[in-house]
Structure formats: structure tokens, C-alpha cells
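Shared between the two complexes below is chain A, which pairs with chain B and chain C, respectively.
Now for the complex of A and B:
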């Protein structure tokens, strides 16, 4: 699979249709994001496989947004999995990236990663190489729903109590780009000191991500306190889907119901 | 560090951080882990999810105490009494590990004899912790399959710092909770590279890898490597000794690298006087700190992002740091500054890279001998790593084989803090860190996002004391000790018990170290930052 990916990137770079490609590199025994440009050695390019296939992931779209802001007229390629592609669609919708300035290089996730993520769509629409696996049902959400209210409440309060307010969930999120962040608004969340305001801090973020979260799970991976943020956001996404029939990033040109004024949409 | 070295032969964390996940019981004492070492807290939270238990002892309640099976708030400066009380319980209930003690330790009898006339009731009276709680602490620790101790400055920054650490070592040896996966004694180091700085011999009495300067063979080895006939074998000065040396005109020049004693040292007014008096003060730092402002010469060093080299972290793990950007302005990596100055003084140094220096370190330091840059790709290596083939050492003193041979028990009795409350100074005061800031804030207060979180210092006070003083949350109070006085805002909180106040020391504008006591531990020379007596009045 990786050979085909490298071939594709080489093609894009040598024909000059992109200025660079945001992908992953293996360097000094670590995996890191990297901008590959024409003439660069693609030998060190990797798909983020360390102990397991695809277990080292980064918010490459976030890196792309930073670069795109600096070079608004140039076209860049970016390595995308299913969640990253949903992210691109979301970022187009939210005017953070322009579709004609981005060339996605899609790879599907291996079954193990799809299972671990309980990913509904572990592959992008456009696949450059690799075999795709079908979506996985949201067992984690269902298991939590089956617990009674007081169990759920104490579970979440215990989880939130571990928070060390590092903002890692926000800082790694490929869909977080606001200049002014609600988490830093003192009318919502008091600043300084630990433990953080619970559950306000975490629910504020969950609400803010309701029509954005693309279920990449990087927040949960980044969380030093192992708070199951992904489960929380999966539930939020499920509510969005039940109430409005909307799933962030599934359809390329779909507007968010939260940005529409008017009567409730037909279900 | 001195305490652990005396008991075990090595002064570092005995376990890898990740092993804490596997502990059945984790005893946290004098460490605000979730705030000061969040990634260690991660492992402790995981231990809890794995069914492990956490017990916490701290005079000030912290975040992780909320997750504890038992949290106790003992009186300031009574750690030895608490630990001796726990050990009294363990011996009374016959929970000690006799086989481990017999096979792997020495001086147990003297230790046991010293405990003979100390009762749990006495411990309870000194510490303010109930007998039942001391018994629960002792049993939870002693009956665990694998128990770990986690401690930090709350243990060490006392005139009895070394005694406190030796008592923790006693506790671990008494129950055989040392030298096993997920079981040991773990001092958490603050800076990313403070372990590395100690490993490199940035201490007055040792060369790299804790080779004493007083021993002939080490001296000879280093003299040979550096091409000189002989090296001094006398022990140098500790920081408090340097300051008193300035007063006595015995120290004429001081070169401070990456330290900010005007904010970080006790009795700050006195520190400033000494630094103003010294004939030549050189400060090497990445920002113009309050200490650097007093300097005759400021040498601009580089931050982590501007240099190559290695860091050795709290779990003895040596990892690479790589330059991401060129040094800003006139700044230079510390090794280049030292080399330039050495060359001007006439001792030629011709290192061309940090790697070359590292190779020299490995050639002269047995615990680093097997480490080289090519082996540091990826996650790095934990010392001791004596040979090129050695995989590194996640936990020390395996199977009771201590670095010093046998583990050494110490007979230790409770001593009160150097300064205690009285009618004139009726409040106990302790210091520490808060969320978002590190140490004197040289780095963290220069970060916009961290400064946003906590912009100024504050004094934590129990609601009962606030009522007596007739102050409310956010009021200004004047706080004074025998050494100085400051104005500060207060925060009313039940984290501290009545009669005890807490203040973070990151903030030079309300520098709590103007008040702290410079009395220090006789062995480690660490000052008693954690206990002093103060008076308070509404400002």
C-alpha cells in the first residue's frame, strides 16, 4: 500500500500539481508530520505504523490549515484516512480550507484500527491504495446508554475529575480553529486552578464540537488523564444524527443544521 | 537524593513511571502529583482503573487525594512520626517481610529497637492523624501485593528532609516493597533534566554518575581524561554555603546558570543582599530573570528548542533533544559558553558537538557506559546501562540486590521543624506549586496561555481563619515571618486546615520566599521551604 502512496505523491510533486504534500515521516525512531516537497526523499515517508498498523496518527489537516493560511494561493496534498476526509469536508464547509486547493491522498484503515475506533466509516471516499473495511457499530455508546442515569452521571463526573486542564483535547483537534475559544471564556469556565470546573469544561467543549467532531479520536489519545472523550463526542454526534439527520463530514456539501435559521428540518 | 543513596546506594526513582500502573497500592506523600507531574498522575489514574488503591498523605489537600482510598492531612513537618507510626503498626501486626529483611538488608535490629519506645498513639498525637487512620494506611501499604511510594518536595524540603526519605526507604524495606516491577520508592524530579544535571555531577561532591570526588580512583580517572596531573578532592559548596561564603568574603564571584535564586531561595531579601555584595555576578539564562537583573554580566543561553543534546528524566531515562530552530540573537548553547570561557581561562576545550561530549560522558561514567547517540533513537534508555548490549534498567535493586549491596535501615526519631508557631507568629505556612506554572515562572510566566490561567500569587486560607481575620475571598492580607513581609490576595479554601496557610512561590511580585526559612537539612543542605511560622493581618 505504501509503495502506491509514494508513487502517487511522487507523481503529484513531479508534475507540479501540488506545492507539497502533508504526510508522515519516520525520523529518529519516531513518527511525525512532515511536508514533503519536490526533490525530497520519500523513503522515510510512512503511514504511521509503529506497534500496530496506523497507531501513530496526527492531525494532518490542522498542519495543512496552518500551511494553507501562509500560502493561500498554493495547492497542497494531504494524506487522509476516513476521519481526515470527513475533516476536510467539514473544514471546506467552515471556510477553513478551499476544496480546489487541496488534493487528498486517501488510505483506508486496517480492520484492527477500525475496530479499535468503532469507526462508522473507516475509509475515505477516494482511495489511492489499500483495501477498505466496512463500518463498525457504536457498541461503546450503546453500552453506556444501557446504564442507568446515576451510574452514568457518577462515571462521567469521576472521569472529568481527573482532568488536569492541559487543553490537549483542544490543541490536537483538527476541527478546532476558533480564534477565541469558549474554554477560555471566563463567563463559562473559570480560569486557573485545578480541578477544572466540572462538568462545564468538558460539556462546553462537547457542545461546541457537536456539528464538527469527525470522530478521529485524537483527543482521547492525547488526554493524559485517559478521559474517554471520544465516547462523549460519539454520543453528541449520535444526538445530532437522531435529531437532525446530520453527521459531520459524511456528505461533502452538506450544511450544518446548527448554522441554519428557520423551522426544524424534515427528518 | 542523599537519603535514598544512603539506604539503597542510588538516589533516583527506583521504578519506571509506567510501572506505577501495575501497583496494587500507591502511597503518595508530599507530592501534588496531578498538578506538578500530570504524566505520572496518568499512570496513577490507570492503576486505579486497574483495581489498585491510592493512599495520600499531605498537609494540604490536592486533586489526586479525591481518588484516594484514604487521604490524611498530617501536621506540617511530621512525616517521620507518621511513617514511624505506620511502621509501628506493621511490626505490631507482624506484616513485615522477614525473609526480605534477613536476606537483603542490614541494621534492622537497631532500627527496630529505636521504634520500641514509639507508640501509634504518640504518632497520632504528633501528626494529628487518628490511630485508626494510621493503622489503615499501614495495612493498605503493607498488605498490597506490590506497593509503590511516590514522593516529592513535600518530603525533601525540610530540615529533616534526609530523615524523611530514609524513613520512606525503611518502610519499603520493611515490607519488601522494593526492587520489583511496580514496587519501589519513587522521588519525582521537577525539571525535565534535573536528574540529568545530577547525573552529570552538577553537585558539590561527585563527578558524573555519582562518583565521589573524595575517592582517589575517580579523581585519577578524570585527571587522566582531562589531561591534568591532579584534580581537587575536597567537596565544594552547596548553594546556601555559597551565599554565606559571600557574606564572609570567602566567595568573590558567582556564576549562576539557569537558576533564579532571588525568587526560588528562602529568605529572598537575604539572597539579594548577598548577590549585591559579591564582586562578580554572572548569570546565564534564557530570560532576564530577577536574578539576572542583579548581574554584572548576563550570558544568553538557549532554550530546549535551540540545542542538541540529551535529557535524563525522572525515571533515569536518557533521551535525545534536537535543535528545531537556530539560537535566537547572541545566545549560545550552554556547552559552547562553558567551552569559550574555559578556553579564555587557558584550559583548552575543543569539543565540536554535544555528541562528542556525550561519548566522553559514557567513557567516564559506568552507569552511562553503554549509552551512545545511535542507541537513543526512539524512546531512549534508562540507566544503569553499563555495556553496549545492555537493554537499560527499568527498575533498580532487582531481587533485593541493592546498588550498595544490602539495603541499610536507619533508626530515626521525630524532630520538630526548625521554626514552630508561637503567639507572635501563630500560623503555619507552607509553599508549593500551582497549575500552569513551573518554579520561578521564568518560562511559564513568559507563556501567554499559561500566564492567562494564573496571573498572580495568592494565599490559600481556611474559611475559619478568614472569618477570624475578617477577610473574604480576594481580600488583601499582610503576611509576615521573622524574615520579611509581603502583601497578597487570599483564596478561601478547605484544602488547608485551620491554622495552616499555603502560597505558591512562582510570583516575584508577592515573593513568598521573602518569608520562608533558610534553615537547612544538615546532610542534603536543602532549605525548609515547606514549614515556617507567620502572622497575618487584614491589609
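Now for the complex of A and C:
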């Protein structure tokens, strides 16, 4: 699969249809986000798999946004998995990226990763190489729903109380880009104090991600306290789906129900 | 167009978390925790996450400051070191070695901290060595 990806990137760069490609590189024994440009050695390109499949994924769309903000007239390629492609659709919708300035290079995820992610759609619409594997049901959410309210409440309060307020969940998130973040609004979250405001901090973030989170899991992987953030956001996404029939990034041109005024859209 | 991720180690504490300093055209744009680092496995504390900000901060000290007529004034390293050395000597002679204390820092290397305590003990002659975390 990786050879085909390299071939594709090489094609794009040498014909000049993109200025650069945001992907991953192995350097100094570590995996890092990288911008490949014409003439760069593609041998070191990697897909973010080290010991396990997808265990060294990075928010490449976030990197793309950083570069595109400085170079708004150029076209860039970006390596995407299913979640990243959902992210691109979301970022187009939220005016953070221009669809005609982005060339996604899609790869599907293997079964093991789809299982670990409990991923609804472990493949992008456009696949450059590789076999796609079908989506997985959200067992984690269902198991949690089956517990009674007081168990769930104390579970989450215990989890939230472990928070060290590093803001890593926000900082790593490819869908967080607000200049003024609500998690820094002193009416909601006190500044410079620990423990963090519980459960306001975590629920504020969950609410703000309701129509944006593309379930990539990078926040949970960045959380030093192992708080199951992804489960929380999966549940929020499920509510969005049940109430409004909306799933972030699944349909390219779908508007968010949270940005519409008027009666609830048809399910 | 020069986008880079430079692998480095956090200067804020002794844990030594690894991250990439992300830069675009020579300006730092962010910190990305290194997932393949066995030290921090893609996680950071709030200090590490914001480490890129101090490098280019307007408020960063770039030269030693000496208070002259009540005002902090930028001076050369030679002047700052000569002033400090003469004051240390003066205090040691007037009040003894134990009138002087030393604060080590988590923001410098082990080797630099070693040198500092060596200087305290061997050159000044005091065991008054402590750490900035207790300030």
C-alpha cells in the first residue's frame, strides 16, 4: 500500500498539481508530521504504524490548516484515513480550508485498527491504495448506556477528577481551531486553578465538539490521565445522530444542524 | 516554504518529555508531543504544551539586567559576571559563606546543576543549595 501512496505523491508533486503534501515521516527513529515538496526523498515517508497499526497518527489536517493559512493560494495534498477525510469535510464546512485547495490521499484502516477505534467508517471515500474494511458498531457507548444513572455519574465524575488541565485534548484536536476558546473563558473555567472545574470543563468541550468531532481518538491518546474522552464524544455524536440525523463529516456538503435557525431538520 | 518539526526535549522539568517544535518559515507555530517517545508517549503537561511560546516572547530576557539607580538596565555578560563575583566575595568576607544561598533550576541540564552545586561548595564554601521548585 505504501508504495502506491508514494507513487501517487510523486505524481502529484512532479506534475506540479500540488505545492506540497502533508504526510508522516520517519526521522531520528520517530514518526513526525512532515511537508513533502518536489524533489524531497519519499523513502522516509510512513503511514503512522509502528508497533501497532495507526499507533503513531498525528493531526495532519491541523498541520495543513497551519500551512494553508500562510499560503492560501497554493494547493496541498494530505494523507488521510477515514477520520481525517471526515475532518476535511468538517473543515470545509467551517471555512477553515478550501476544498479546491486540498488533494486528499486516502488510505483505509485495517480491521485491527477499526476494532480498536470502534470506527463507524474506517476508510475515506477516495482510496488511493489498500483494501477497505467495514465499520464497527459502537459497543463502548452501548455498554455504558446499559449502566444505571448513578453508576454512570460516579464513573464520569471519577474520570474527570483525574484531569490535570493540560489542555492536550484541545491542543491536539484537528477540529479545534477557535481563536477564543471557551475552555479559557473565566466564567466557565477558572484560570490557573487546580483541580479543574468538574464537570464543566469536560462537558463544555463535549458540547463544543458535538457537530465537529470526527472521532479520530487523538484527544484520548494525548490525555496523560487516560480519561476515556473518546467515549464521551462518541456518546455526544450519537445524540446528534438520533436527534438530528447528523454525523460530523459523513456527508461532504451537509450543514450542521447547530448552525441552522428554525425547526429541527427532517431525520 | 519551509515547514519543519524539530525533535527536542522539554526544558521545563526533569521528566524530559519529547516533542516536536513545529515551525513554518523559521517561526515557531506549535508544540506537538512525540508519540513514539518512551518518556511521554504523546502526552505533555500544560507547560510542555506551551513551550514554543517563550522562545519568541517579547518579554524574554536576552541579556543580563543590572539594577542601576533603581532601574533594571541591560548590561554585557562581562559586566554582570564581574559585578556578581565582586558582590559574592564582599558578602563572603563580611558575613561568611553561609550568608550565601544557591538555587538550582529544572530548566538547565544536570551537568549545569552539578557545576552550580560544585561552585557553591568548593568555591564559596556553603551547603546552602536548594531547588527553584521550593522558591
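What we mean here is this: the second predicted complex is superposed on the first by the 267 of 267 C-alpha atoms of A that agree within 3 Å, B and C clash if a C-alpha of one lies under 4 Å from a C-alpha of the other, contacts with A are read in each partner's own complex, and residues count from 1 in each chain.
Note that a residue touches a chain if its C-beta (ideal position, glycine included) is under 8 Å from a C-beta of that chain, and two chains touch if they have at least 3 such contacts.
Just so you know, these numbers come straight off a predicted model, no measurement behind them.
**Student:** Do chain B and chain C fit side by side on chain A in the superposed arrangement, or is it a clash?
**Tutor:** After superposition on chain A, chain B vs chain C: clash.
**Student:** For A:105, is the partner it touches chain B (first), chain C (second), both, or none of the two (neither)?
**Tutor:** neither
**Student:** Would you check which partner chain A:35 touches, where first means chain B only, second means chain C only, and both and neither mean what they say?
**Tutor:** In the superposed model, A:35 contacts chain C only, not chain B.
**Student:** Once the shared chain is lined up, is A:127 touching chain B (first), chain C (second), both, or neither of them?
**Tutor:** So A:127 meets neither chain B nor chain C here.
**Student:** Contacts for A:166 in the overlay, against chain B (first) and chain C (second): which applies, first, second, both or neither?
**Tutor:** both
**Student:** Looking at the overlay, what does A:71 touch: chain B (first), chain C (second), both, or neither?
**Tutor:** The second partner, chain C, only.
**Student:** Output check: A:222 vs chain B and chain C. Expected answer is one of first, second, both, neither. What do you get?
**Tutor:** After superposition on chain A, A:222 lies in contact with chain C alone.
**Student:** Spot which of chain B and chain C makes contact with more residues of chain A, would you?
**Tutor:** For chain A, the partner with the higher number of touched residues is C.
**Student:** Once chain A of both complexes is superposed, is A:58 in touch with chain B (first), chain C (second), both, or neither?
**Tutor:** The answer is second: A:58 touches chain C but not chain B.
**Student:** Just checking: does A:117 make contact with chain B only, chain C only, both, or neither of them? Give me first, second, both or neither.
**Tutor:** neither
**Student:** Can A:24 be said to touch chain B (first), chain C (second), both, or neither?
**Tutor:** A:24 contacts neither chain B nor chain C.
**Student:** Just one of 21-29, 291-299 or 471-479 in chain B hits chain C in the overlay; which is it?
**Tutor:** 291-299
**Student:** Same chain A residues contacting chain B and chain C, which ones?
**Tutor:** Overlap of chain B and chain C footprints on chain A: residues 28-30, 164-167, 224.
**Student:** Considering the complex alone, what residue numbers of chain C touch chain A?
**Tutor:** Residue positions touching the partner: 1, 3, 5, 7, 18, 20, 22, 24-25, 29-37, 40, 42-46, 49.
**Student:** Going by the contact rule set out above, which residues of chain A touch chain B in the complex?
**Tutor:** 28-30, 161-162, 164-167, 184, 191-195, 224-226
**Student:** Sort out for me which residues of chain B touch chain A in the complex.
**Tutor:** Contacts found on chain B: 34-35, 38-39, 41-42, 45-46, 49, 63, 66-67, 320, 322, 377-379, 434-436, 449, 452-454.
**Student:** In the complex formed with chain C, which residues of chain A make contact?
**Tutor:** Per the stated touch rule, the residues are 19-20, 27-35, 37, 50, 55-58, 63, 66-67, 70-71, 74, 164-168, 171-172, 221-224.
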